[in-house]
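Shared between the two complexes below is subunit A, which has subunit B as its partner in the first and subunit C in the second.
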Partner chain A sequence: MFLKTLRIRNFMPFKGWHQIDFPGSDTKNVVIVFGDNMRGKTSLLNAIRWAFYQNALDRYGEKIPLQKLVNSDAAGEDEWDLEVQVSFEHDNKQYEISSRAEKRRGVGTPNRPEDFVVATDLQINGEVVRGDRVAHEINRVVPEQISRFFLFDGELLQEYESLLADDGDQGKRIKEAIEQALGVPTLISGKNELRALRKPYDRQWQQDLKKNQEVKSFMEELSALTKRSEDLEEAKAKLQDQLSSAKHQYQELQQQVNAAEARYKQKAELDQYVSSRTKVSQQIEQIELRKLESVRDAWLDVLRPDLERQTRDLRSQAAADALVLAEIAKAPHLREMAQSSLDSGVCSLCQSELSTESRQILLGVHGSGETAGEIDRVATRFAESNQLANRLDGVRYPQAKKRIAELDATAMDLSLEETRLASEIDRLRDELQGFDSDETNRVRRAAENANAAIRTLEAKFSQVDEELEKINTKQQSLRLVINQNESAKNQRSGKIVDLISTAEGIFASAVGMMRDDLRMDIQEKATSAFKQLTTDTSYKGLRINQNYGLTIVDEKDRDVSLRSAGAEQIVALSLIDGLNQTGRSTGPVIMDTPFGRLDPRHRSRVLQYLPKSANQVVLFVHEGEVDPERDLMQINSKIGAVFALERVSSSQTKVVRK
Partner chain B sequence: MVTRNQDDHALSALKRAAQKASKTISDQLLADLYAIQREHQFDVDRAIVVEKMEKRIVAEIEAGNAPAEGE
Partner chain C sequence: MSEPTQSTQAVDPAQIGIGEVAHYNLERLYADKHFPEMRNAYKFAIAYALSKGARPTKLESSRKNVFSISTIDPDGLLRLAIETLYPVGDESPYRIAERLADWGVGEVTRLVYEEYKSIGDLLPDA
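Right, the complex of A and B next:
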């Protein structure tokens, strides 16, 4: 099988038509779809599952009701219909599947799956497949039982850990799913149906031999065993009914428990939102206070041009005064020289006799000592100008306008966040309306009781089954003895019973043999995958248990009991690969968020291994688990296409080819 | 994606179980009975499966092929 196209309309966050074309190259067989959380990666996986099996699963593995699959915006426009089309090639034939759901006529707002009409069309090489054969044809190519191994959610990989426990419901369910996928029930139902077929012939044979005295006592014993066997079969059927009903009840209760657990998570989420909103409100209040502070000092900004001009004037005045004061500082020396020249009548500088004009000038210089009051005035003004200019320079202008604009922008962001939180709080409060933790505890206890009842019924069922097997063995021995009698041997009914009984025994033994073979096959294939995926070369491989759980084995053949979350994921991926290789010949592997718990080295190994493990690999990932540049470089030659799931709105996503 | 590996495992197990059985029946009969099961493995109505198996077993007896004593 090779996927060619996926087209979806109004399916979960995908409003209108969206399409993914899978490149048809055998060498470039990896398709990567990037999408952040909540963008619809799991929805795409569900779209494929829904197209094949009209089944979409939530994080708990529970079926999502049809009305919740319709895009909420489309539903808001009363467009209550969705469609998924998948085209693929298988055994050189072209398959086109189209699954649709639309609101039933006369229904207003659908609130349950029954409010929809669902239809699936299938064409093979352009020929329409008859309606009642569609599911059969799809299951023939992609059996639903196998889907969990090729259409899987990486976040659920840890459930395979439960296979390591000897008992436990989850492990048991997965074991059953594994055996179904691997075809064990085919042999089991062969055995059961041969037994059902034998009964009327057994009765006929006993009737035919009633008059044969030689085998009379054996026949009586056989009849008694047959009677006991029939009683036990009746009891078994009743137990089966009780078991089915108990399982159904448990499933319903478990769904309620899961829903309650989801609501507990919502409750924690609500508390978180309320606390965040309080913090945001406090931040907004603080911003308002800071805005008021900025407004309080805003007058300084108004005066700033005048004050700056005044500062500049003061600095100019001070500079001019400084020049005057510097000149005055030279004055005492000049006065001394003038006095000396006047006293001697000879110039102190050039030693020439003083003329009348020179004597007059020198008398003027000498007389400048009379302006001392003016000097003090200049010096005082210089000091004051400087002091005032310095003070004005020291003024810190609040830049209130800019500051208030910044605070307003922050307040706007916070206000939007507050609105978002308020709307989330309202939504969660609405959803949590009527949530009663006492009721939840009651449901949880009821689920535990139902589970205990199932275990009791299963134990009784096993006892009855065991007794039936013993009776069956005794009957076979008796038949062998009876068949020693020529007359009995030649009875037609006897021959048929003998043949059915032999075939039944062979089918019964083959079940155990097939299980052992499969386990060994899975162990070998999973080990091969594990050795390519693990970064620890000292590990010898994996060992499988009766439940198909895998344990890491070290170089000394000892079980490694402790393993990290990353190692668990590697083991689970190895198991999935082993099951895929064992359970089917070839086909795509479609994984949602498979690298969540892996470190970069393991991630790199998984990325390099996946293209070799399947003929087509489709990965739905977020950029936190696979780096679009660094990680994809390693498998660049294998990548056929890269898509991104881009946000249109909180309820809509679009698919974009990169 | 037909699970050919599954068929290989099942048929191989049937063959080995037949070799160990106290009485032997033909490989062809076993293969046919398995094929009936395989064809209808996803069918809910099992009556048709039992009927097909019955026809095949009766035909085997009519052809004179009763189980032979094992070794």
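Right, the complex of A and C next:
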């Protein structure tokens, strides 16, 4: 199987039509789709799953109700229909699958899956496949049971680690899923059907031998055991019904709990945003206070140009006065020069005409009646100018304008952040409308009680099963004893019972043998993958346990008990690869967020291994787990296309080819 | 350049005031957090008037005492600025300050509330 295109309409965050074309190259067989959290990576995985099996799963492996798959904006416009089309090639044939869901006529706002009409069309080489054959044809190419291995959600990797535990619900569930996918239940149901087939012949045989006195006591014992066995079968059937009902109830409750947990996560996110916004608002308030503080002495800045100009003028005046006073202090000949200058009206030094002011100064120099007064006046002015200039020089200007500009720039950045946070808070509040944490706690307790009830029923079920097994063994022994009697041996009914019992034994052994073979096969394939993925060369491989859990084995064949989170993920990825290759011949591997806990070296190993592990690899990742530049360089020659999931709004995403 | 003088004839008042209208605007500028305290707004208004070369001869509305001199000018810088930049003559610089503040508050109020300027906008570039 080789994917060619995926087209989706109104599916989860994808409003209207969106398309991904998978490149047809065998060598460039990796497609990367980048998308931040909440942008729709898992929705794309679900779109493919839904096209094949009309089934979409949430992060807890629970089925998402159909009405929740319709894009909320489209639903808001009363467009309650969605469609997913997948085209692919398999065995040189072209397959076109189109799955659609439409609101049932007469339904207002759909609130349950039954409010929709769902249809899947399949064309092979352009020929329409009959409706009742569609599911069969799809399952022939991509069996639903193994879809969890090739439509793979990395967030669920941890589930596979629970296989290492000897018991536990999750491990048991995964084990059942693995065995289901690999065909074990076929043998088990064969064994059960044989047992059911044997019962009427058993009764007939006992009837036939009623009058045989030699085996009478054995027959009575066998009859009693058969009666007890029948009672137990009846009790077992009842327990089975109760268990199914309890499991169904638990699943429904768990679904609500899971949904609530997602809401709790959102609630925590909302609280975080609210706290961040409060901090940002406080920072903005602080900045406003600091701005206000900057204005306190800003009046001095307003006067600065005038006061500084005034200071410069005072300094110039003082300098000129100092010059005059210095000249006055010089020798008496200056007086003569002054007299001469005064007499001629022309300066003896520079030959320029005397100004009134110069004349006044020279009069002082000459020593006329006004000389002493003039010197005092110049000296006083010199002192006052200097004194005032010094005081003005001492003024400290706060330079408020610069400070306010810096604070404004910071406030602007904070204000943008506050707006962004406010919009996230609004979005989350909208999404959390109607969320009631008390109700959630009630549901959580109810789910815990239902789970406890299941455990009790399962324990009773196991007891009944064990007793039935003991009775069965005892019955077998009694039959052997009875068959020693010639007359009993020749009864036709006895021969049939014997034949069916033998067949039952064969099936029972076959189940064990098949399990062992599967385990060895998976261990071998997972070990091969593990050796290429791990960065630690001292590891010899992996060992599988009864639950299909894998343990790392070191070079001395010892189990490695302590594993890092990254190593756990590598082991789980190896198991997935082993299961995938055991379950089918070839096909694409589509993985959502598979690199979550890997360090860069392991990430690099996985990126290099994946193109070799399948004929086509599609990875839905975020930039935190795969660096678009550095990581992709390593497999550049294998990359056929890169897409990005870009946000249109909180409820819409678009697919963009990079 | 004005001749440096020291006015000694006029007696400084103990209180300094402003016209009633300007006082209302002063309170408004403070209440709207354009200034940390009213006295900062008062001195800013005086500085603004001085920088614009304003020579107001009277208050625009009836006078109201607002601050004591020791509160408004503890370091004497306001007096120094007025004496340096304004032809004080025989008048107390604080009486001149009242008229400058009265005029300045009117202008600053107009710029802030009618032309949507911030106080930072009214400051000269450094």
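Before moving on, here are some points about what is shown:
By our rule, the second predicted complex is superposed on the first by the 408 of 658 C-alpha atoms of A that agree within 3 Å, B and C clash if a C-alpha of one lies under 4 Å from a C-alpha of the other, contacts with A are read in each partner's own complex, and residues count from 1 in each chain.
Following the convention adopted for this analysis, contacts are C-beta pairs under 8 Å (C-beta built on N, C-alpha and C of every residue); 3 or more make two chains touch, one makes a residue touch a chain.
Predicted, not measured: the structure shown is a model, and the values here were computed from it.
By the document's definition of touching, neither partner reaches A:Q255: not subunit B, not subunit C. In the superposed model, A:A503 lies in contact with subunit B only, and not with subunit C.
Of the two partner chains, subunit B is the only one that A:P185 touches; subunit C does not reach it. Judged by the touch definition given at the top, the superposed model places A:S223 against neither subunit B nor subunit C.
Once chain A of one complex is fitted onto chain A of the other, the partner contacts of A:Q463 are absent, as it touches neither subunit B nor subunit C. By the document's definition of touching, neither partner reaches A:S528: not subunit B, not subunit C.
Note on subunit A: of its two partners subunit C and subunit B, the one contacting more of its residues is B.
In the superposition on chain A, A:N449 contacts neither subunit B nor subunit C.
Across the superposed pair, subunit B and subunit C touch subunit A at no common residue. Subunit B meets subunit A in the complex at residues 1-7, 9-10, 12-14, 16-18, 20-25, 29-30, 33-34, 37-38, 41-43, 46, 49-50, 53-54, 57-58, 60-61, 66-67.
Interface of subunit A with subunit B (complex): residues 1, 90-91, 135-136, 139-143, 146, 182-183, 185-187, 189-190, 193-194, 196-197, 480, 492, 495-496, 498-500, 502-503, 505-511, 513-514, 517-518, 521, 581-587. Those residues of subunit C that touch subunit A in the complex are listed here as 1, 4, 33-37, 40, 43-44, 46-48, 50-51, 77, 80-81, 84-85, 118-120, 122-126. Subunit A meets subunit C in the complex at residues 288, 291-293, 295-307, 310, 313-314, 317, 381, 384-385, 388, 391-392, 395, 399-402, 404-405, 408.
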